[in-house]
Each structure stands twice: as structure tokens, then as C-alpha cells.
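Attaching a single structure in C-alpha cells format; questions to follow.
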Amino acid sequence: MKNKIYAGGDEVVADVPDGASIMFGGFGGAGFPNNLIRALARRGTRNITAISNNCGSGDNELGILFKNKQIRKAHASFPGPTANHFQDCYGAGEIELELMAQGILCERLRAQAAGIPAFYTTVGVGTEVAKGKEERVVRGKRCILESALGADYAFIKAWKADRIGNLIYRKAARNFNPLMAAAAETTIVEVDEIVEVGALDPEVIITPSIFVDRIVQVPGR
Amino acid sequence: MKNKIYAGGDEVVADVPDGASIMFGGFGGAGFPNNLIRALARRGTRNITAISNNCGSGDNELGILFKNKQIRKAHASFPGPTANHFQDCYGAGEIELELMAQGILCERLRAQAAGIPAFYTTVGVGTEVAKGKEERVVRGKRCILESALGADYAFIKAWKADRIGNLIYRKAARNFNPLMAAAAETTIVEVDEIVEVGALDPEVIITPSIFVDRIVQVPGR
Amino acid sequence: MSKQRLTREQIAERAAQELPDGGCVNLGFGIPNLMSNYVPAGKTIYFHSENGILGMGPRAKPGEEDFDLVDAMKVPVTVIPGAAFFNQAEAHMMTRGGHLDVAVLGAFQVSEKGDIANWKVPGTKGSGGIGGAMDIAVGARRLIVCMEHNARDGAPKVVRQCTYPLTAIECVKAIITDLAVIDITAEGLLLREVAPGFTPAEVQRFTEPRLIVSENVPEMRLAAGGM
Amino acid sequence: MSKQRLTREQIAERAAQELPDGGCVNLGFGIPNLMSNYVPAGKTIYFHSENGILGMGPRAKPGEEDFDLVDAMKVPVTVIPGAAFFNQAEAHMMTRGGHLDVAVLGAFQVSEKGDIANWKVPGTKGSGGIGGAMDIAVGARRLIVCMEHNARDGAPKVVRQCTYPLTAIECVKAIITDLAVIDITAEGLLLREVAPGFTPAEVQRFTEPRLIVSENVPEMRLAAGGM
């Protein structure tokens, strides 16, 4: 059986190529795959399309990748007041940004994971995000059409993984991570702890192993 | 604070009116709200629109409601080889049936729960279920348009509820129950056990209390 | 009789009176976020956070923070008994799917039709950011806006038509400001309450669209002396 | 040399050889359901059930049944270490979303383009039933059909065009029958293996569309004597 466990962050991102699209989990400082992000910064992968709720916080989270000019395009809901490196790049016209409602970002990721190519929503009707999108009345409500959104990779953070990749999270650090795990071609997870197969109760597993390709146990946030 | 706990099955379904649309959880004999179904049979509510994966098993599960001619219309994926009362009614032209793929039934329920009025899917393209539905190519794939599906009531079965309606299930008895809980105007759950608020770990709650309106603790399946 | 407009804390105090016992409620950035301090005694509110919490409690005490347990503003919080965790799509299933009893958002402008603009100031630099507000505004069963009645330059924020980029259309049900409580009804803006010491005519003067005013518009009830 | 067509058990045995170690696999009604008995030693397969299980183990022993732990055929089963439970929508996120490595379904007919018909026999009474097959057929990364090569009346089940109501179009990748293993390729039906004792010409005679036949078509390898 294929081994999913890698020695460390550098090994697990070693083949992520220039031009890759990558989803990054995390929200509000919780559940960010910071060790994977730093490994990606060391590797120097360029022309990344990033999908993430926000766009870094100073040099932290995605900040380091914007600072290094590794990201070419971002899909985000709330780049964030402390995303200074992103804002610098954005102001300089170096970055293409697709801004969207947070719940629609979630739903587009889930649609990708669930094999739903597109869906109608009332969210965004009459606003800037509706520009260029098909509008139509569904069941008496004005709706716009949104499409599935996935990526080559998901970089996510979980609390514990078993050796085949079943995952559990801690509290609000769950956020986008299970969605992105399911929406990627290749899902890479950093965890606090790897446990034996069978150590996680099947009732409480949040991300089943089917959605996880690579696991690294790394210390610290 | 509104009390969600009812004395028994008869009390909890006492106001379910003729013509109500009702979703019924359960699959493969597991997770059926059998006590609620029997209470509904006793109450005699008529002209029900039923949404359920299947249509009863002999006199059990939904069988009793078809036997009593309480159901006028059914939305199902697999009425089932042992759904003799349903088949009798269906053969006699007494019942309108919408047959659909099981995953599309799930997805339509979830769409209702999530405020998504309609979605495109490749499932069903080129088959009988595509008849009368809009077809269109999305991202190079032939798709049909499916709409959200909900109901006035969900009748569901869980293992444990706390007093405000957080739910956990047992094993494969989870199936459709969490989806229906979230897709109904009024969700009624029968459980093996009611526990105090705070007794369920927030990490393992499957149906948060926001989706549950009424709870009965009833013995037996 | 005082002629002071309400403080932000007092707006939050008044708005908290709108929360139903046992209700599931999302509070947005700004003034709404202050409301959790003013839940009337005896009421339990299940506060929802779009990052996957139902049943948020007070902020964590210094030294007791768990940085995996933060609200949508990145602040370490606690949970109350009966809380649940879930993922962000499930959190927005709750917002968009019509499961929140009440949501309260801040705003730059609210129109008389209930349109809300709260995510972008025209002409400012940077990308702006939407966050969860669009889903929350569209989906909440009852959407309340808490804001100052007028901008710093005195411009009315309750307007005929929003000029700022919209968050969502025709969704606000009530507006609570430092001058008034206003319901948005099919007939128009109904002045429900005025701030202590203010008259309906004074409130009208600070408001762009015409207010519907009944014979007796009561004053808001607030704790003596406020906060 | 035996000239017997394979038994249903032998079809299942041959099909089980297609399952990748560590793979996530859904087995449909009928012959596919027998495959779990023939997983080659040393391989671990995570069997998926659309009612919300990944990691199904063998059927429960008599007296040890848990009727909350059943497969999609209502049979009490067990789970293996590493199993997980989830709801039915999440189960079909796995089917439709392209997450299953392999799915194996039974069928009434398979066309040379990979169309499958497996849910309804024309002219039969009753409502029929679809179940999970449409989502599974559309979404599995590799869809294999296991069936008898011919109907009871001898009619070919590998056909140019399905005449039975379709389950899904252009999705079957391989067909394993009591006579042959056939891959469905862009060029057409490629005869990969024949049942022991049968020649490609004999298989062609029982098959409606033309088969692509290479010079040496090997015989299927099965345990001596079958089951």
C-alpha cells in the first residue's frame, strides 16, 4: 500500500511545480498550514494561483509567498487588513484577484469536491460580484450562476491524522480545511500528531482518508 | 427558552396537517424514525408528500403509511423490492412518483438546506431522469439542471440528543438524517436518549441544534 | 433631558434587546460585535461564527486563550454548553439557508428598500474585502443593521438609494442607530423608537428618505447612565 | 480442457484482481458484491458504501449483527481499522466527485461506447428503482462492469447500443464476464483475456460489437478449481 507519510515539509512540497494552483486552509489565525507555506517559500515555486479566504498577515500565513512574489493570482473573500504584502503586489498590478463572498467560496470548493459543475445562488445579486455572471430567476428569486472551484493541491492543517490520512481538527481550526481536502487533486496535510490506523473513532473522523494524499507531522504552528 | 422536548410520538406529530410534505430519514433498515411514522399512522394525516430514499418494507418503515393510503406523492431513489404497499398504490395509479438518483436526492436536500436554489449535474444525462429537464454544457460536460428539494417536516432518527437538539447518530444510521434535518421547516427527531446540554462534545456533534425543532425519546426501533 | 446621541455601546445595548431567547444569531464587525455584552439576563443566545462555531461565549480571559478557538474577528473566544463545531461550508449553510434567527451587521449605508452597503468605501485604495457579510445578509431570517445614523461629515447613512458598493439587496428588516430604531416595511421606513431626548422631526432631519411616524413614538429604553 | 463458462463466484474472483492496494472501492448489487471475498492476500481495500461507510469489512457473523451497521444491500457488516462514517451526501460527494478509485457494477447491457443500463428491465411492472448507481457510474475514476456475457435467452449483453433504460453514458472502462475481460478504449472493445478454454473467436460469437483481438489473448488466471 502506498505510503502517505513524508519526512518533513520540504520533502512533501518538493514536486510542487511552477504554475500550480493551491488551496490554503485557515481562518482567523487558526488552521493555517504554516509549515507547508514556509516550505513552499523555501522551494520557491512561482506563478502560483492561490485560493484562500485571505491573503496573509504581515510576513505570516500567505504573507511570505506574496512577499516573495510567488503568487500570480488569488481567489479570496477577505484579503485582510494586515495583508500588506498582498496589497503591495495588488496595488502594483502584479496580482490578479478574484474577490467573492466567503460562503460562495466555500460552496464553490464543495461543488468541486462533490462533482457539481455549477450552481445558482441569490448571494451577490445586484452587487459587483455579479458582473459578467449569468443572471436568471430561479423559483421566483433572482440568482447568479457560480461554478465549481478546485485546485491541483490543497495545503491544509489538521490536529491528528492516522497513517492512512483520516483527519480530525481542533475547534475553529477546522474552517476551510475539510472542504479544500476534498476539492484538490493532491491534498497535503500537516498535523500535530500521526496516530496508528484504528486509533481514531470512525464516528468522529471529519476528513475521511479518501481525501488525503500526503501527511507530514511538524512541530509548532 | 422554548422547550423542544415532547412527551411522545403522538404529541410530537399532533399538528402535522393533511397535505404536509415530510422527509423521512433512514436507509437499509437503519436510522428510520419508525416511532414517528407509527404515530403519524395513528394520527391519520392524509395527502402526504413523502421524500425518502425508499418506500417501505412490508408493513414497516413507510409501508404502513402507504398501506393506509396516507401518501399521495413520493420522491424516492429506490422504492425497493419489499415496498409492496407502495407498489400496489403505484400500480393502481393512486400515487405520483418522482424517481431520481440517490446522490441527486441527497444533493437536492443539501441544496435546500444551504440556500442553493438549483445546480447542474452530469448525473442522469442521457437517461430517463433527464426528461423535461434543462440540459446544457458546463465546462465541456453535458449537464442537467436539478433544483433544491425540501419539505415542511423532517422526521428523523438519531441516537442521542441534548435538550436543545444537538444530535449524534450511530454508524450507518446517520445516512439521510442530517441532510433532512437541515432541509425542513420543522425537524422532528426521535432518539434513544436525551442528555443534558453540554454532555455532547462540540467536536463530535453531527447535527447542530439550529436544525432541530422537536425531540422525543422513544424506546425501540 | 439629555440631547446626546447614543454611544456605540448604547446602540449595542438597544440592539441586544431584539435578540430572541434561544435564538441563533450572527454578529458582524463593529457595533454588532459589542452586543454580546448586553444580552438581557435570563436569555440564552447561541452566537454563530462563520468559521464554524455555534454557541460562542465571551472572549477568552487573558492567559486562557486557545488560538484554535477564535471568532470571525480573530479574537480568542470561549464556548457555552451546547456549542458545536463544524466546517465553514456548514457555517454558511446556516447563513445562506435561512437558519439564523437574527443577524446583525454594521453598514455604511442602508436604503429605504433594505439594500445594504457595508464592504467597500468607493475611492479607497486596496482590494477591499467581502468576508461573510453577503451570505449572512441574504440568508438571515431577520437582518438588523447597527450603525451611526450619520457619517462623520454628517451625511445620512439611511438613504433613498445606496451609492456605495452593495452587499445585498432588499434584506434589511430593521436599523438601530444612535438616533432611532427604524423598521423597514412594505410601506416604507417606520420610525419605531427615538433616542432619549430626540423628537421624530429631529430624526427625520438626519435621514434622507421620508419616515413613517405614528402619533406616539416611544423613546428607547436603556440602562440608566448607559455604560 | 474445460469449456465451462465461469461461475458468478469466478467472475468475482477475476474482477477482484483489478482492485488496487489501498484503493477506495464501491461494489454494486449482484456479482460485484461477491468480490470482497476474493481480495488478493496482502492487499487492503477500503470498501465504500453509499449509506456512509468507508472501510467496510466482512459481513457480521450470526449473532454479532449491529443493525445500525449495514451495507447498501441492508446486510449487517463490520468495519476495518481506519474506517469512517459520514452522511449520505458526503458518501455521494465521494462517488460523483471522482474520489473512488474503482467502482464495480452489475449490468443488463453495456454498449461499445461504455454506456451502461442496469436499473430497469423494459416492460416489467412496478416503479423500478435507481439507487446509487447513476452517481457511482458517472463519478468513479474507473468503472468496471461484472456480468454474465449473455442473457438467459442467449442475447448478447455487450451490445452496440443499449436498448434498456440507461444508467449513465460513456463511463464503463472494463467489462468482466463469464467469458472475457474486455477493455473499452477510444478505438473500441479490446479483448484483454478469455475464460479458460475459450478462443477469441468464440467470445466474438457471443458479443454483438466487433472486438479488437491481438495475436495472443491470454486466459484469465483463477484459483485452481475455482470456489
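The letters A, B, C and D name the chains in turn, as written, and every chain counts its residues from 1.
The criterion applied here is as follows: a contact is a pair of C-beta atoms (placed from the backbone, for glycine too) under 8 Å apart; a residue touches a chain by one contact, two chains touch by 3 or more.
What you see is a predicted model, and the numbers here were worked out from it, not measured in a lab.
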item	value
Comparison of B-C and B-D by number of C-beta pairs in contact, larger one	B-D
Inter-chain centre distance, chain B versus chain C - centres from mean C-alpha coordinates, in Å	35
Separation of chain A from chain C, taking each centre as the mean of its C-alpha atoms, in whole Å	30
Between chain D and chain C, distance of the C-alpha-averaged centres to the nearest whole Å	56
Per-residue multi-chain contacts in chain A, two or more chains	107, 110, 114-116, 121-123, 169-171, 202-203
Touching two or more other chains - residues of chain C	85-86, 89, 92, 95-96, 138-139
Full enumeration of touching chain pairs	A-B, A-C, A-D, B-C, B-D
Chain A to chain B touching residues, read off their complex	107, 111, 114-123, 138-139, 141, 143, 147-148, 168-171, 202-204
Residue ranges of chain D touching chain B (in the complex, touch as defined)	49-53, 66-74, 85-89, 91-92, 95-96, 115, 120, 125-136, 138-139, 165-169
Complex interface listing, chain A residues touching chain D	1-2, 110, 112-116, 162, 164, 166, 182, 197-198, 202-203, 205, 208-211
Chain B-touching residues of chain C, taken from the complex the two chains share	21-22, 24, 43-44, 46, 48, 54-55, 79, 81-86, 89, 92-100, 138-139
Sites on chain B touched by chain D in the complex	27-31, 53-55, 76-81, 86-87, 90-91, 97, 99-104, 106-107, 109-110, 121-129, 169-179, 206, 221
